[in-house]
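Both complexes below contain subunit A, partnered by subunit B and then by subunit C.
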Partner chain A sequence: MKLVQIAGWLGSGKTTLIIALSRALSLKGSRVAILVNEVGAIPVDGKVIQEYGLTVKDIGGGCICCQVAGNLMKTLQLLSEGPKPEIVIIEPTGIAVPSSIRATILSWGRKQDVSMGPTIVLFDTTREEKLLTYESLKRLVSTQLKDADIIALSKVDMASAEAIARAGESVRLINPGARIVHLSTTRGDGFESLVQATEKITVQV
Partner chain B sequence: MSMKERLRLIVPSPLHEDVKAYAVSYSLSRETEIESTELRRFAADLMKSISDACIKGGAKVIGHIKAYIEHASGFLHANTVGAHKSFQLNGRDGDPVNSFTLVVNSIVYGLPEELIKDATVRAIEETSSAFGLRITMVSQAVTAGLTEKGEET
Partner chain C sequence: MSPEMTPKERVLKFLKGEKVDRPPIFSGMGNVIKPVLDKYGIVFSRVHRDSELMARAAAGMYREFGYECAVVPFDLGVEAEALGAKMNFYDEVEGLLYPTVSEKSVKDVNDVGIPGDLEHAGRIPVVTGAIKALRRELGDKVAIGTYLLGPFTLAGQVKELDELFEESFLEPEKTNRLLERLSDFIVRVSRIYRDAGADYITLREMGGTSDVMSPKSFRSLIKPHLIRILSEMSRPSILHICGDTNSIITDMAECGADAISVDQKNCMADTRQKLGAGAIILGNFDPIKVLHKGEMQDVGPAVLDSLKGGASAVWPGCDLWPEVPKENMEALINALKGAKPEPARKVS
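Moving on to the complex of A and B:
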């Protein structure tokens, strides 16, 4: 079972990417399961993903990076004992800290037959200025970006060339080691490289 | 498991403290049927109305406002990240309907829970009224902890 985290601030396009990614991986023959964790107490994303015929499990009651990390471990345990998907895509809340989730997975996965795929963090290029202006928001978004193996600059079809360049410079300063992908899930930019990364990259932790 | 790990499992991260959320679900109905184009217009107007109300109330950044509409033969998913941005609308239209359910999640940076709740509920009431829809709240929750309600408006 390979675990891939697709994180990033609220509204950055995680659910849209996960639907497209899961469909592409399923078409290639992989058995995919999706774990969704939302801030809102009445789930929406899980329902939407389910409407596209994908296997999804909602984890509610709080954020899996802190409050309900135990529920994440229980759900992974159930998956590993039951359906045993080849790839598990985890969509944390838009306010989650990816390294905390990775730590939870590692503490659960020590004795399991699991591998860790890349942590992909989306950054909304149309909102670069707002996300990096307010102090506490900047701290959260920067923490998410620092935890990324791959940063996907999302919604590039909706942003100007200047905004994309500015977003690229900002995220590179925050995480110089991450691979940066320009992503438009609707237009297809960068999508295939994320499919390949999900399939082929295994991260040493 | 160390004490640090145990604490991490139950305490919300301090990084979350300025982000608040309100979730609500309603049942909506009207005597005359609602065509898919009108339902899409309702969803679009609702997104703009909630987003505008949150910004007017003092929100620094709209995190994500999401709506899920479900009825006998279809569904709509609408979402927006701010008043100045266009909303997204996807789904399967289905047949005209007399009733549907609506779930709204409003997640906002820099606005207290109660103000997010007021902005969201007021926007739903006003938008529904503009479309001649009768609404009944099914459940609601502020950030965490679901409480049941059943008030007809």
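Moving on to the complex of A and C:
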């Protein structure tokens, strides 16, 4: 099982990307599972789940706690005991710290057949100023960006060229090592490169 | 001093800052493990909704292992459910999964309807029933604990978490009004639990961690509500925040609880230095890495390390994951055999 995290602040387009990515990976023959904080939070209806053979599980919402970490570990174990998915996409809450989730998974996964795929963090180019101006919000958003292997500058179809350039400069300062992708899930920009990254990239940790 | 102090005497004297024969081994958070559930034939998903099962499972931690407390409930959804949230108990899952909130009930403060008959709201009567049963069966021997979520953490259970955080950053006055209302609710529930017979209450404000909330926001948005709740809750009380807490540790101490609880991410040397020798500091012991995933022979040394490092008692830094192996639990209990008397400590 390869575990891929898709993180990002509220409204950054995580859910849209996860649904599109899951469909694309399923069509290419991968068995895909999606772990979300609350099942109701991701509008994947039964028809889509059935059509694409997806498995959707929730790991519990709320703030950070050993119970959430435990539920995540247990859910991964239960998945590994059934028809094992090749790719598990994890959508943490907007406030989750990807490195903490990765550490939790690794503490569980050492004895299991798991590998870590990329951590993709979405950054909403239409809200660059708001996300990186307010001190407290900036703190959380920056923490997520620092943990990214790939930063997807999302909603590029709705932002001006200046805003996209500014967002790119801002995130590059926060995480110089991450690959940056310009993403519009609705228009298709950057989407195929994320599909390929999900399939091909395995992160050494 | 009597060498035959009961676990109840030890825990309650300790929390009052009085001298005890050795540090107690206890918790104020969820602690029930599979060996107990299996021995008593209790299904995990059922234990959260049945007073008798809940009490039997909590008592089992004392009866089977000598854990020096009996704490109910086990999950983090009781208060949210009483405020109208829907829960998923995972009845269809054979393994152990904690109940989670499946449907939130609050968009803004006007949606927080505190039931007039709060004693009978949601699963509050299940918890009070379990506390009363524990009191009847073990009340003379074991301290009975319970816990409540802090207002910000509870807000994250009843309102979409992302929306809560965004609102708290962009429109803090709105969040402040919500926390004020939730604080009213928390104080009232704490009194119900205390009247039912709880000996001590832990206030769990996990959402206040500096991992996600800046110390400045903690001070302006959360701390005033914690001060108010802890001043109106009966004592002894413990304030728990997990994750990164060193930058808010003096603020935590100023909230007014009898003891503070932190997890393994806290630098205890720094905390002890800041709060002084007299403070009752709990936790800083990893319940997942050491107790759940660790080897039996490593548990005792980890316990002693946490005490040497500055922890005042043996208190796991979070809920026990129910799959803690039996032998690791036994090693935890046996770690302090022959320990020397514990000097009195008290948060100043």
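In this text, the second predicted complex is superposed on the first by the 182 of 205 C-alpha atoms of A that agree within 3 Å, B and C clash if a C-alpha of one lies under 4 Å from a C-alpha of the other, contacts with A are read in each partner's own complex, and residues count from 1 in each chain.
One rule holds in what follows: a contact is a pair of C-beta atoms (placed from the backbone, for glycine too) under 8 Å apart; a residue touches a chain by one contact, two chains touch by 3 or more.
Because the structure is a prediction, the values reported are computed rather than measured.
**Student:** Is A:78 contacted by the first partner subunit B, the second partner subunit C, both or neither?
**Tutor:** After superposition on chain A, A:78 lies in contact with subunit C alone.
**Student:** Touch check for A:106: first (subunit B), second (subunit C), both, or neither?
**Tutor:** Neither: A:106 stays clear of subunit B and subunit C.
**Student:** In the overlaid three-chain picture, which partner chain does A:137 touch, first (subunit B) or second (subunit C), both, or neither?
**Tutor:** both
**Student:** Have a look at where A:124 lands relative to subunit B and subunit C in the superposition and call it first, second, both or neither.
**Tutor:** first
**Student:** Would you sort A:10 into first (subunit B), second (subunit C), both or neither based on which partner it touches?
**Tutor:** Touch partners of A:10: subunit B and subunit C.
**Student:** Check whether A:165 is in contact with subunit B, with subunit C, with both or with neither, and answer first, second, both or neither.
**Tutor:** neither
**Student:** Show me the subunit A residues, by the header's touch rule, that subunit B contacts in one structure and subunit C contacts in the other.
**Tutor:** Shared contact residues on subunit A: 9-11, 38-41, 61-63, 65-67, 69-70, 94-95, 97, 100, 107, 130, 134, 136-137, 139-140, 143.
**Student:** What does subunit A use to touch subunit C in their complex?
**Tutor:** For subunit A paired with subunit C, touching residues are 9-11, 37-41, 58-67, 69-71, 74-75, 77-78, 93-95, 97, 100, 107, 130, 134-137, 139-140, 143.
**Student:** Using the touch definition from the top, list the residues of subunit C that touch subunit A in their complex.
**Tutor:** For this pair, the touching residues of subunit C are 30, 75-76, 88, 93, 95-98, 100-103, 152-153, 156-157, 160-163, 165-166, 168-170, 206-207, 209, 211-214, 216-217, 242-243, 287-289, 293, 318-319, 321-322.
**Student:** What residues on subunit A touch subunit B, complex-wise?
**Tutor:** 9-11, 16, 38-45, 47-48, 51, 61-63, 65-70, 94-95, 97, 100, 103, 107, 124, 126-127, 130-131, 134, 136-137, 139-140, 143
**Student:** Write out the stretch or stretches of subunit B touching subunit A in their complex.
**Tutor:** 1, 5, 8-13, 15-19, 21-25, 60-64, 66-68, 70, 75, 77, 79-82, 85, 88, 90-92, 103, 105-107, 109-110, 139, 141, 143-146
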